[in-house]
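Structure first, commentary second.
Labels run A, B, C and D following the written order; every chain starts at residue 1.
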Amino acid sequence: MGGNPYQPLPVRIERVTVENEARDLKSFDLRFVNQGERERWQFLPGQFAFLSIAGVGEAPFGIASAPDEELLKFTVKRVGAFTTALHEMEEGAIIGLRGPFGSAYPWTLMQGRDVLIVSGGFSFTTLRAVIVHILKKENRPNYGRLVVVYGARTPGELLYKEELRAWKTNPELELVLCADRVCGGELFGFEGANQGEGKDAVQEGLVPEILKGVKIEADKAVALVCGPPIMLRFTHPVLKEMGFKPEQVFLSLENRMKCGIGKCGHCNIGPKYVCKDGPVFCYEELLRLPEDY
Amino acid sequence: MKVFLKNEDLKKLLARFVQEGRLFAPVRRCGYSGWDRVSSVDEVVLSREQAILQGEEVNTREPAKIFVFPRSETLFEFEGEEAVETGEIPELVVFGLRPCDGRAMAFLERFFVGNGPEDPRVRQRREKVTLIGVACNSPADSCFCTAVGGGPHENKGLDVLLREVAGGFLGEAVTSKGEELLTGFPEATAQQDAEAEKLKANAEATLALKIDLNRLKAALDNGFASPIWERLTLECVNCGACTFLCPTCHCFDVFDETVRGRKRRSRIWDSCQFTLYSQHASGHNPRLNPAARYRNRVMDKFKYTVDMLGEVSCVGCGRCVRVCPAGIDIRVAVAEILKEAAQDGR
Amino acid sequence: MDKVARLRQRAKELLEKQEVVGVLGYRASSRPGISQVAFITKTEEVDRLIFDATCSQNLANYLLKVKDKGKVAVVARGCDSRSIVVLLQEKQIERGQVYILGVGCEGVIVQGEKSVSCRSCQYPNPVIYDEMLGEEVHFEPEKVEDEFDRLTPDERWQILSAEVARCIRCYACRQVCPNCYCPVCFVDASMPALVGKTHNVSDNMVFHIMRALHMAGRCVECGACHRACPMGIDLMRFNRQVAKIVRERFGLVAGAKPDEMPALTVFKPEDPQEFIR
Amino acid sequence: MADSSGFEPKIVAFLCNWCSYAGADLAGISRMQYPPNVRVLRVPCSGRVDPFFILQALQQGADGVLISGCHPGDCHYLTGNYVARRRFAVLHDLLQFCGLEPGRVTFAWVSASEGERFAQLVREVTDRVRKLGPNRKLKKE
């Protein structure tokens, strides 16, 4: 990532997939236009990058693809001027990409341990990268159990539905899906959705509630948590009850970012910059920082 | 290496830069002085002490940071999707900045270049500008550089420091660029040196304020939730005047625009006092409350940069005190924080 | 009893009888010739209240910050009271929320000079008040004839562009103005981004022209924006002209009469239209 | 009849949907000849024209701006043009005060039946702006 850290590299949109029923979440699979760039672009799940469109704007997004997947995947919610312009882009269009920025999840600490993933809403992007990375044949033996608790407002809002269905039948991980409202809505192939019995069911309930039903030995595990502030506030006490100490819980934070290299000042939490010292923070470190996020 | 330049020597030296169209100096404009390219050397006010006697402000209203971190600069112009760096960075000579701005330039260089990933534009601009500072012999009532570790005759961050004495200036080279500039001038006599030291002592005598920076850091370390911030910031209207004119404020926004088909991405000053500064895409804004924003500014100057870089990032130039439309004085805020911390035994 | 003593005494009484939760006024700052806004809630602090020519902020702007704390007393000169009228007309505050302590004003002096809007002030006394502190003030407003109007269009544009080129977009002019209470200003809008934010003379000119237009029929020419500008830009040239246009075309003065709504919110079938083809 | 320098002004026209746009439409249907320099933008009412549109048009390279709506009393929304008239009055006088050449920005009332008058109006505005030359004042670099 030498040269000018603000310089975007051209990438082509190979595939656009609409991820949710509300159609305001789309995944973009990107390929570098220039040869050799992909090899130089090494990253670990948890890091993020800036997508940009000339003359329109730039914004940071978590990298949703695993390190050795050919295409880089980003899932973008249509919120503002830039994301609306990006959502109007067809396959084949060229946009700008710069990065990778920030710290990844604590891969060394996770070696040999169980991994509990707790995610809510569309922040599941970088955690998808973690799951795909762990499920790779060469990597799977390095980790113990892989337990994933992932919830959204309705089944229609769950991201990466085909992969979720595949993971439901994959013995290498235990996937627990939930939604605030399940009955009466479209089930998107998660038929067995009765009140939580079937393995492929989407249970009805909030992520922190569903998390209570998970059995895991905390001292052998690491928890990766990512979701809206409201979910985090109710998840931490549950993790504590399950025996997780703050040093074992890692969070990926969202902040306003404009540079990605700790200069523009927008993403500061006390003396730390989320883009340079994060976005993944150990919960124990966050407790020492001011309540400014 | 201390030399002595008579007024005409300095004028001749500056005239050379004026011919090359490279000299920037303080120019008087509607009630205060600002930086401007000098078209003829007579425009340059050599003796700032005389100017101050005639009511001129001790320092320029806009800080010298504009020469390394300008108000706005185009980062890229886009040809198709290719981002092309633009704007050839010119070689400039800046005459007349004060030691507090010099110290701020050192901080900005350390923050942008010497601290993690490097900002190439700030590095190039600093390399291509020559800073000729002029020491302060009569600081203003709003100045407090000595309270934060600086001084009216300090040369940190400058290439050359000039100290105004009878009949001319005592020149002190700080960097190799400075030495190049001052070669060929006569050695300063001990008597001139003594006069300069006396002027320095007099100037320091007028700067009485003392701030115990360690105790302030301790007070701020656990003063985050203190009610003092609400009380201090009722008057604050959250404009960007104090941050934009602060020589060490480094926050910027990246702004994309299309002007008649030409696409460009620019970097512009931003302020943590603005409402949208920390607004997330989700709409959540950790510092929606104006008091939280003023707290962030004081914390950044006296705590966060100490945690990050081990030094306070306020240089005591007093601009934020002079320009605040609500009359807020950061020295008063600091004093109240220390007083409250003492009462709570923090 | 002079105005300041009367003000302190009435403030004490209001606070003691809990008629108001706080008194919005001025207090001395740490530097000579500069005053600060004060929001006094404790009776023992009323002696910090002052009123003199250094009181430069428009207190109506601060009313918006403290109005939800309960009923508030506010010191109001002519221009402040007119701003309060505009805020009442625009439903930003209710009359019952404010106890207005009216006071006559001889003008604000900044660095030894009375600003242009004060020299030609037509309304030194408050237009509405619950109580008047001391007698009304009467002085002959200066007829400020300005050679700017006699210049050619190119010269005027040259002068205004040079002024506006110095703007560093710190928005102090907007933040001190009681009329500027939009949650997101048109300058900060991003969908679409209306005004460029870079150091561009055309963008700066559009920002200041648009802000002046948003002041049409609302600006009370208090001069707070002019005094707040750290770069010394002559903002009153825009605002005084807009106020003059509204006065000459529609015969209205911002906030002068509580029952006369702001100029651009009403119309008359016989409004002048000589400029329309 | 382009002038010597061959300068062809770009003029942006904000036409209210109910009257002026219909008037322009009538001019077109009746095969009336008028200069092609006008780029027409249809707005629901002259009251919808924010002064900002006019300034931004000049910024983005327009040499002249024409704003036209229904005659007072004919407004489909009853008061749209009345409110607009006051706003335009202040804008017109302020731009003139700031030094923008008179004739850069033209306001007009054109009803749906005044096709000929619309064509004539465009001819006049185009000539006038052509004489004024390219717009430099608000043009954004």
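Heads up, the rule we're going with is that a residue touches a chain if its C-beta (ideal position, glycine included) is under 8 Å from a C-beta of that chain, and two chains touch if they have at least 3 such contacts.
These numbers come from a predicted model, not from an experiment.
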Quiz prompt | Between the pairs B-C and B-D, the one where more C-beta pairs touch | solution = B-C
Self-check item: Whole-Å gap separating subunit B and subunit C, where each centre is the average of the chain's CA atoms
Solution: 32
Quiz item: Cα centroid separation between subunit A and subunit C, in whole Å?
Solution: 50
Quiz item: Could you state the distance in Å from the CA-based centre of subunit A to that of subunit D?
Solution: 51
Quiz item: Where does subunit A touch two or more other chains at once, residue-wise?
Solution: 57, 80
Quiz prompt | Sites on subunit D at which at least two other chains make contact | solution = 140-141
Quiz item: For subunit B, which residues are shared contacts with two or more other chains?
Solution: 253, 257, 259
Exercise. Would you please name all pairs of chains that touch?
Key: A-B, A-C, B-C, B-D, C-D
Quiz item: For subunit A, which residues count as touching subunit B in their complex?
Solution: 1, 3-8, 10, 33, 52-59, 77, 79-80, 83, 94-96, 228-229, 254-256, 258-259, 261-266, 268, 270-271, 276, 290-293
Quiz prompt | Residue ranges of subunit C in contact with subunit D within the complex | solution = 149, 153-158, 160, 186, 194, 196, 200, 202-203, 205-206, 209-210, 212-213, 216, 238, 241-242, 245-246, 249-250, 263-264, 267, 269, 271-273, 275-277
Quiz item: Taking the complex as given, what residues does subunit D use to touch subunit C?
Solution: 51-52, 55-56, 59, 72-73, 79, 82-83, 85-101, 106-109, 121, 124, 137-141
Exercise. Spell out the part of subunit D that touches subunit B in their complex, as residue ranges.
Key: 60-61, 140-141
Quiz item: Quick one: in the complex, what on subunit A touches subunit C?
Solution: 57, 80-81, 84
